[in-house]
Amino acid sequence: MTASSTLRAVLKQPSGVVGVALVVAHVTMALVAPMIVPHNPTLQSAGAILQAPSWTHPFGTDRLGRDLLSRALLGGREAMLIATLSTVAAMLWGAMLGLFVALQGGRTDAYVMRIVDAMVSIPWVLMVMIFVAALGVGARALIPVLSFSYGLSVVYIARAAALDFVARDFVLAAQARGERRVTILWREILPNVRDTLAVQGAMQWSWILLGISSLSFLGLGVAPPAPDWGLMIADGRGIMQAAPWTVLWPMAMLSSLIVGVNLAADAIAKALGVDRTFGVAAP
Amino acid sequence: MRLLSVAGLTIARAAGPVGRPVVVDAGVVLGPAQTLGIAGESGCGKSTLLLALMGIVKPGLRVAAGQVWLDGTDILSAPAEDQRRLRGPVVALVPQSAALSLTPTMRIGAQLAEALAVHGRLAPAARPARVQDLLARVRLPDPARIGHRYPHELSGGQMQRVAIAMALACKPRLLLLDEPTSGLDASTQSGILDLLDTLRRETGMAMVCVSHDIGVLARLTARIAVMYAGRIVEDRPVGAFLRHPAHPYARALLASVPRIAALVLPLSIPGRPPAPGSVEQGCAFVPRCVRSGADCVTVPAFRDVASGGRVACHAPDEGPLILPAARTGATGAVRGDGVLIVRDLMVRYGKAGPLARLVGRPAPPAVVDGVSFTLAKGEILGLVGESGSGKSTILRAVAGLWPRSAGVVTLAGSGELAAQTVQRDRRALQRVQIVFQNPDASLNPRQSVREILAQPLRLYFNATPAEVERQGRDLLADVRLDPSYLERRPGQLSGGERQRVALARAFAARPDVILCDEVTSALDVSVQASVLSLIRALCRTRGTACLFVAHDLAVVAALCDRVAVLHMGRIAEEGPATLICTAPRHAYTRSLIEIAQRNAAFGEYPEPLPS
Amino acid sequence: MTFAQQLMTLAALALLAAPAQAEKVLNRANDLSFGGAESLDPLSPNRFYEVNDMIYSRLVRQNDAGEPSPELATSWTSNAGATEWTVTLQPGVTFHDGSTFDAADVAYSLRRIEDPTLESPVSSVLGIIGRVEVKDDLTVKIVLETPHAGLPLLLLDYRVRMIPEGSGPTIGQTPIGTGPFRVESYDPEGTTTLVAFDGYWEGRPLIDRVQFTAIPDSEARNQAMLSRQIDLNSVTRDQLALFKDNPAFQLQSFPAGGWFGIVFRTDTAPYDSAKVRRALRIAVNRQDMMTLMVGADGGTVGCDTPVRADDPYRADLDCPQDVDAARALLAEAGFPDGIDVELTTSDLEPGMVRFAEVFQAQVAPAGIRVAIKLAPSDGYWDDVWMVAPASVTSWGERPADQILNEAWRSGASWNESAYANPAFDALLDQARSTLDPVAARVLYIQAQALLLAEGGTFIPYQEDGRRVLSARVRGIKPLGEDYIRWHLVDLVE
Amino acid sequence: MPRKIAGRLAAAWITLVVIAVVVFVGVELMPGDACTAHLGRDAARAEMLTACRDRMGLDRPPVERFALWAADLAHGDLGVSMKRERPILGIVGPRARNTLILAGAAALAGVPLAILLGFLCGLRREGPFDIVTSTVALVAMTMPEFVVASLLILIFAIWLGWSTGVVTAAYDAPALTLLLATPLPAITLALVYIAHILRMVRSSVIDTVGADFVLMARMKGVPERRIVLRHILPNAILPSISLIGLTLAWLLSGVVIVESVFNYPGIGRLAVNAVADRDLPLIQAIALLFGLFYVLTTLVSDLVAMALNPRLRSLRG
């Protein structure tokens, strides 16, 4: 299926339209936000602390008198960047290992999957906390951690997807020809699992974004004063009773992006005929 | 009194481009105890028509026009409850795949009892006895125990019998059969056909049977309707049809069936059926027809045929069917130096693990046990046997795809071949190529034909893109495909075309030996004929030796120089094809021949049964 | 069922149904700041502060003005050199186990501070105690190794509590004090129950029982307060709005001595330049910074002094924001294009990160580019504090002499800015041995002025304490925790 | 069958051992140790640090410590918390109970609901009910837990005042008290559960509805209700059981965030504290416990699937 026909099939579904619209809106916003934000997102104002939404500050202000509209518009950039890098890394190592063990089969497969099983059984938050304690806080430092822990589920998906094909005759035919393993992976299997992995990549991206936000929320992610939705929610949570606007905007932004990506991924999966039933969020 | 009357039935796709419907203007009339066979190749709409007779239209399809009157009720427009009441007591269906049609989580007995219960037949207490009775009637051994089993615990033949028993549960007056024997071994097939024949005689029910295998229909039904591109093109009494098929398509179809007695390659039908969804313009068969004329631009109406029945053709041919002359003697056998020598090949499935060895569990039985044969240069050797006889395993062991337990495989000029492909050198790999049964699976759906053909060229000959382009075109020409196919993907090809591409890929390696694993069994019969002649032509012109594995002795006999009959992992008999088929020595060979004759017995079809 | 059984059942039901005895139970939350390792040993590094404050007594306690006033000690005098202090004790005080409190207990409790196995942080404060002599049952003599005129101030320390002689090894598990409450059950991670001590020397407390529930999360404590599951809690400025104008609550705010600060290590470039250090500190508008952090009336602006606002030894200095001067100072120090500062902080305590953010914004106009580095909250005190060239620090309230000595004297173990100035040390020595409070004040103020002039620590304000009480609580004045007379606290429905 | 169960048990056991090794190595990689975390500011004093390390046995080589720990583990002894200086079993036990109450409440309420909704969606594929429910499920499973939690608190505790926002019960509170405190955290946890399982069941039902045997039942004249209950339901649910178990096990890690946000005194919050304290033995015990939860949940669901599904029951081995 070509890209344009896939897009057409995606846009035929109402959820696809909503999803793609949300994603496009968010990406556009992330790109142009620095040029259009009305205020400096880190400008503190002792005279404008915790103001409710008004004409000057349509989204209100936070405890340091910073403009929440500007912060909300910019609040996804860092997380999105990190999510993108982590996803690429997670997909790379996860898919490679998954495809490799699927093709290798036998003992290698059994041993590797047993270890992956064990890793997966440790909650990712716990794993990340252990890593963060080891590597230090800082959003960029999270990239290896996130790509490792999220890559684990990619191993599963890639392996399962590849297993559908390793027993097919065209792989057998390639083996009979005497093709090298790498060639078989690259030429025979990868093109067939590409769609599955692409959809998976999109979902991983949203989950990693969610993970980063959760970590920022716990104080282990993006460093202040950079505007970040997770940080903003954590910051406003204690006062959301008195100043609900401090949490509602970042919540709306974060949720709409993640829901949008998932709606789009879902529609893409449907359009490509990829089964994404067992796409469990956390690895 | 008509039991079944179908008028003007047209079933179209529910969505998508408007084009040729799946079933067009079908008309069928059937009285009580009458039988009708519907023949046609895959995609002609025969199964859709059959399901519509029960009032069922699969999702994605819709009834565009017409009625199906069943026992006085139009089942297509009847309320759901009325439809339900008809199903079982009036009409019942034996599905194509019994294995998929039995509910996995219910015991056989319960499923049968359910069929009885839903129509309020019999008091609950009487049902177990009736269930056992039904199982006994379909000749299942030990009905009491079978009733307690789950579907997955039965063999394919047993499940088919259970499906028949289920259909019979409410004593239907019309039994529908959808490919009742496809996917079964020849001997199992034969047993099922015998059973159905007996049951029909015993119960006096009417029967509509759909099959791609005219031999099956000839044995079960008194009338045969042939469908092509959604239309019934011929509807004749079976005897008249088999001796004097009138529609050019029907004639070509019959000529493409390999016959055990003939020992020659059957004739193929050029071209391919219209693509699904294409717009109907006049007679659909025109592009492939030998007799097309000016009036073929209109859809032909039915006309009566002198020898009985009717045909939809502007220029029907009522002459007797002319078949290629039979081959006699051990002709065509090429004896030369052995190129592939297999000695004492033994293969076991699985390996006794350390635990099994410790507790003294015996090693698994050999699937292939002491098989030896020699394949001469340019020779086509057939390896025939039922499923489980080990024929495909031999092929895979030779190709290095399955570890052998013992034995030596020698390739002249390359010495003994290592057991696994990874241990073989490139030259040895290049000289032996394998073609698989199912081209859907053996071609990577994500690669274009060019990429598919490029792989052996690059691997063995380091071909540049320009060379790939040139040689790809040549190879396509060799397998009678247009060069434009280089850009296509397998999904855009028909089954026969895909298998041609698979052959082209194998021959791209310029092999000395080609291994063919049931390469035609997934194809329609008319396509099979063309693929068989292609294999013969390629092997002969290139001097490639071929090891051809199949379950159908008629196919093997038609193609091969020599035949080895495989029985339970051993070679029962080996010799020139003509000799094996005309003067079999082994009892097993004789049974194979009998089955082949019975299943495709229409050459010498007796007078029609009284109906 | 016999009649008697029926009767008994009825009686039991009646008992269950009867309205609970109007026992007065004060509900509190403990914050589990030691993660379950809380100890009832007052000297333990993991002291269970909230409970210890209610079950033990000190020799000296604050009066409402923050001056030392009698608790278990009725009077104290020193010799002229401030090296020997004689303390007279309150007669008729009994411990929870019924034994009588006397001078031996005092001697034991004070000597225990020096016990190396306890690893008590108090030893850095009262390590100057050379020996404690029991003069008679109600008199002890404390001999100091170095003169200290402010010993009573040091004895105000919340950890210097009196326990029975010889009880040290078991005090953590079976606490015995002379306070108004005694421990009934103790589980720092679950619930801890205190009951009124009938034999309390100032009279039986007005409430019967105190129940502590462990709620580590400050947000959760706030929720618990809102739903009136607890009776008192500290609140932040932003939470005030939740309780304001609500008749169910009383709000209190009071001056306190806690502060956040930024430490620039004076032994590390570029902060080894006094000009740079000064530039960094005068670039800030301290009033704005306090407003942003805790609100305009949430504390007292100060000029890098660690001494609380109402401490008699506090220096009231002037330190207005002066961006131009800061730029000039930086240029003089060799940074004409501004300076880059990597400031390490952590969300160890609420606001610690925001503090860095506000500082960053404040100094930016002076060409000071602050990069905030977030360190893990665990391990902050070992991996960052006293290691990173610039980091955020946080201190609780301490008497002037204690804090100045603890954090700025050359070579002090918690001298976080590595500040070393013999003149400063001499001022402190001199102040300690000066018995005249007015003279001592002058010396302490000089020391603080020195810190403002060239110190490495930026301290913009002292934050006020804020407390919310449920409406039924009586007897808690708007003063710090140490000031509360728990036996006078009452509940009025 | 017995051999299959034995094999499954062996696999579970090996997984646990691997978890133990992985966790130990992970914790070893952390900077500092229990003593530096434990002493806080006092860690700057060398003599206190040395004394502490000596007392805790931290001066021994890691391999030796792991061996000792594993040996104790084999006797059911999880060791002693460095921070709390109490046996870990006593610390972890009540909290594990609390987490089980929370996760159990979420699963008991959520799983049947999820199966029911998924089933209905699958039967009425692409109908209005399906579209609405599936979309809501997608939104629910993708919303960050801390956002859902904060929203629930904002709406139900703050605006409507129907429940308390965070849990203030202590870890040793009676089970009933905790159960009464669970609604909001359980809903937060269950939302994600429900959404995932719903989607899984839905797609399984869709596959089953299109199966030949369903068509066959219809052709037998079996009434629709009976087709749904006898033919579709068991064949759609049974293959999902293992997956449901895996999902539950996987999503259990959600308790770390949910418990932190709601201040619920369970094993997840303990985990956060243990990492902060760098309480080595405690972290190991908790991770092992999570592993055990995971392994047990998947094991039980696999065994249940084996017991209920005739196809799995009678396979060889």
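Brief remarks follow.
Per-chain residue numbering starts at 1, and chain names A, B, C and D are given in the order in which the chains are listed.
Assume contacts are C-beta pairs under 8 Å (C-beta built on N, C-alpha and C of every residue); 3 or more make two chains touch, one makes a residue touch a chain.
Just so you know, these numbers come straight off a predicted model, no measurement behind them.
Using the mean of the Cα atoms as each chain's centre, the chain most removed from chain C is B. Across every pairing of chains, the maximum count of C-beta contacts belongs to A-D. Chain D has its Cα centroid 22 Å from the Cα centroid of chain A.
If each chain is reduced to the centroid of its CA atoms, chain A and chain B end up 48 Å from each other. Averaging C-alpha coordinates per chain places the centre of chain C 41 Å away from that of chain D. One finds 89 Å separating the Cα centroids of chain B and chain C. Among all residues of chain D, those that touch two or more other chains are 31, 260, 275, 278.
Counting partners per residue, chain A has 133, 237, 241 as the residues that reach two or more other chains. Residue positions of chain B with contacts to 2 or more other chains are absent. Those chain pairs judged to touch are A-B, A-C, A-D, B-D, C-D. By the touch rule above, chain A contacts chain C in their complex via residues 42-44, 46, 49-50, 63-65, 132-133, 136-138, 219-220, 223-225, 235, 237-239, 241-243. Of all residues in chain D, those touching chain B in their complex are 210-213, 215-224, 226, 230-231, 234-235, 238, 309-311, 314. Residues 31-32, 36-45, 47-48, 51, 81, 83-86, 91, 157, 164-173, 260, 263, 273, 275-279 of chain D touch chain C in their complex. On the side of chain A, the complex with chain B involves touching residues 168-170, 172-179, 187-188, 191-192, 194.
Chain C makes touch with chain D in their complex at residues 29, 35-37, 45, 116, 119, 121, 187, 189-191, 213-217, 219-220, 223-224, 226-227, 229-230, 377-379, 381-383, 385-386, 413-414.
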